[in-house]
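Next up: some structures, all given as structure tokens.
In the two complexes that follow, chain A is the common piece, with chain B as its partner first and chain C second.
Right after this comes the complex of A and B.
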């Protein structure tokens, strides 16, 4: 069985107990990057990535070329001042980074395209109740069926690379929200199945030593099989054409902002086209 | 190489304006969005085109003009901006700050300058142009549109010396525009224009100023002596062509060139690459040329036109003529 990636705060005491584990270290300040990497190395944990959450715009972050070997998931508020961002772009292209931007900033709808076309990977953070699904549809089309190859935009390219039309396609892993892959730890080493559970203090294990048994727990099974509940309620999501990709992620806002149904149906359609294009690509023999 | 309009607003009202028809039919608030800019940059890249030519209206009126140029440069395009030089102070200073250290090959301005005397330009406008020229010096290639036979070029030589502009001039001849009145050079006056132009050869030579003739100059109106001078002085780079320039509007429509802005306008999304657009319009131009080979009657039998050394003048003259006749020609020439 594959072991989980453990999403944990930057806490040396905690990291010292994660010897040999794969970790995602949550940071809230860019200045802690080097210290976090050193600490993970010191305690012989494996760094899956640093998850940096900041309200600082991308343009104002002093990116350094010597971070190129550090996997970074940067949650920022916006691109920031454009000339400053462009100045950072060559460095950003060299880094092992994915930039997450929230949709509650109007200008970010455009920023994904700019980032992608400049060769920088990004991810849409579906935040806010007024998601403009039409704009997201355009962005998804750009990501999957654009005229030229550009940097991936998650979750669209992520889903495209894992897509199976016969299965459920969960892209929660893009946001570290997939109990099969990621578990969330607090400072005391208590384990939650999601970030929301962590914040709410809903733990499935009180100690990291219990992590290996989590897949057998009732809570875990309930969570990963939770999608079945949508069909018991038989509400809008149960009838949605885009269910296999969405898995009910927007059920809370679906009534007030129903554009998600159309978007996910379109998304699946584009995934089929994407697959058809990929299939046509000629693959030659290789030694 | 296509020209991409960032905006349809303009600060001037030149009597010969080629874009008059297009502007009158478009909303001045129509500006190119970032999404469409990225799409067009992708389209050019997919077509292997590394030059991005920005046009307006006055492109610097686009609220994101400087940032869009920065973006295109970061995408490794060489950018050429066609401007009147009349810029908002803030845009001008920011542009200078952002672009001052770039090599000329990466970013150049082609500044269309009217004769301050003959065009009766307001003083504020003239001062604004001078401020632009002073800041951007040799990043600027001056451009002049000839719309009367008594034009003068002295002011351009003064500007070149005063502001250190590039030692070359793009010279255009005003053509008619379909469906709208403008001042243009009548066919009977073409020879007079050329004659006048060649009175400046001593100055071109003395000041070592190269001239670049824009489209629509007919070869047959130059004497052999004039052609020999052009050949010697431009290294044989003069062209006597009329081909689709390809203009793309902020609303993502495409048309062959401004004088023909109402002719065969299409959506850019109907094409996958520039070659498709080019082929589409070349095909239509060729069909029109079946109806009338060129602007003069003798174009029909001209060997230079047949060999494509001359394209028979600006197509807008022919199409304007067809519109005044009974519609007996093939349908492509009317749409």
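Right after this comes the complex of A and C.
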């Protein structure tokens, strides 16, 4: 069985117990980056990435070249002032970073294209009730089928690289939300299956030592089999052609903002085009 | 291959709206082990006499899982006892509503070689379920739990969806629901067959069935690699485009000397429906060998039908090779005689001519037409 990546707060006492484990360390300030890396190294854990959550715009973060070897997942609010961002871009392009931006800022719909065109990987954070699905469709088309070279945009490229048209395709892992891959720990080392469960205090194990048995637990089974509940409802997401990719992630807003249905249908079409293009190996005249 | 439909019990824990079993007066019988033992003795005799033959046992009901896992362990023991040299030519399948399936069935199923389960489902509320209210909530919950258990144990399953009047308003929704649920497995859409006046409100005509399939087919054809195992579409593609003429029992015209339905008391008949209607009764397995039952003279008219129809009602139909006049029991229910085509032939013909051929661009040619060309 594959071992989990443990998403945990930056807490030295906790990290000291995670020897040999792969960890995602949550930080809420860039000033803690170096200390977090040092602590993980000191306790011989493996750093999967640092998960940095900040309300600071990307352009206002003083990125440093010596972060080059630190895997970073940066959740920021927006790109910020464009001139400032342009000054940051050369450094940013050297980093091992994915920038997450929420959709509750309208300018961010454009920011993904800017980041991608500059070769910086990004991820759409589907936040807010008024997601503009038409704009997301354009962005997805750009990410998958745009001809000019550009960096991947998650979850589109993530799904494209994992897509199986005859299976359920979950992209929760992009957001560390996949109990097969990620578990969430609090300061006391209690284990939750998602960030929301962690916030709600809904733990599946009281101690990290139980983590090795987590896949056998009833809670784990209920969570990973939770998709079946959609088929017990008389209407809703199970009746949608896009379900095999969205898996009901937008069921709460589906009735008030039904654009997700068209988006995911279009997404699946684009995924199949993308696969077909990737399959066609270009043969040029020069051997 | 001889197919033996073993009606292991007439009892059912569900009260599905479109099912004939719930309207039968006498539905309480289950097959005692002594009859089951006789059946395996008969199967062994048959396979010993017919070298190269195979027998498929299709466990059916009622709801066959109501008999419990022990019953199937007993079946396994009886098979081991009486079919020592022939059991490798016996295969087992089961048709169940799955609502009483649990992990205790795993062992007997595994040992009987049941690696795939046939089931049926309807997302429409109050179509399938126990009790007078047809409690679909309870039914669906148990059904989903069973699917989870099957998936966890890598047992394949496929389902039948019965198209009713209620389905007609939302063909694509239903298609998406079923394809999302089965995901990588298969499902089959069949028309509801109603033979009484009590449930006419859900009956559909062949024309309505054509329109239902026709609303789905263009989408399916475009995305058939995404939804590979959807019938009747996949079957027709194999018949028409790949020229593989393996057909279901109703369309094959080949059930005559191959099918036996065994009721709980050992009485045999052609199939489940003929047994329900008191037709084509071939005697009891306690008194007759399978060979005698399979060659009962009452079967001859079914064979004769295959000779007669192409010269009469089906003479102008180019789809004979993939239809054979449809199920003779359907013809009987409408005309009181087997020597007619089924009314559902028109559904196949209509679908082929109005949807399949124009959309795929492939015109079906019968063997007769092909031979003429040659």
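In the analysis below, the second predicted complex is superposed on the first by the 280 of 287 C-alpha atoms of A that agree within 3 Å, B and C clash if a C-alpha of one lies under 4 Å from a C-alpha of the other, contacts with A are read in each partner's own complex, and residues count from 1 in each chain.
Methods note: a residue touches a chain if its C-beta (ideal position, glycine included) is under 8 Å from a C-beta of that chain, and two chains touch if they have at least 3 such contacts.
Please read all numbers here as calculations on a predicted model, not as lab measurements.
S.K.: Name the contact category of A:89: first (chain B only), second (chain C only), both, or neither.
M.R.: Once the two structures are laid over each other on A, A:89 reaches chain B alone.
S.K.: Check the residue A:244 against both partner chains and state whether it touches chain B (first), chain C (second), both, or neither.
M.R.: second
S.K.: Looking at A:114 after the superposition, I want to know if it touches chain B, chain C, both of them or none. Which is it: first, second, both, neither?
M.R.: The answer is first: A:114 touches chain B but not chain C.
S.K.: Give one of first, second, both or neither to describe whether A:138 is in contact with chain B, with chain C, with both, or with none.
M.R.: Touch status of A:138: first partner only.
S.K.: Determine, under the contact definition given at the top, whether A:146 touches first (chain B), second (chain C), both, or neither.
M.R.: first
S.K.: In the overlay, answer first, second, both or neither for which of chain B and chain C A:37 touches.
M.R.: neither
S.K.: Using the touch definition up top, name the residues of chain A that touch chain C in the complex.
M.R.: 165-168, 225, 228-229, 231-232, 234, 238-241, 243-244, 268, 272
S.K.: What residues on chain B touch chain A, complex-wise?
M.R.: 33-35, 38-39, 41-43, 45-46, 64, 66-67, 70-71, 74-75, 98, 272
S.K.: Would you mind writing out the residues of chain C in touch with chain A in their complex?
M.R.: Residues 123, 125, 137, 140-141, 144, 147-148, 170, 172-174, 176-177, 180-181, 183-184, 225-226, 228.
S.K.: Which residues of chain A touch chain B once you look at their complex with the stated criterion?
M.R.: 82-83, 86, 89, 110, 113-114, 117-118, 138, 142, 146-148, 150
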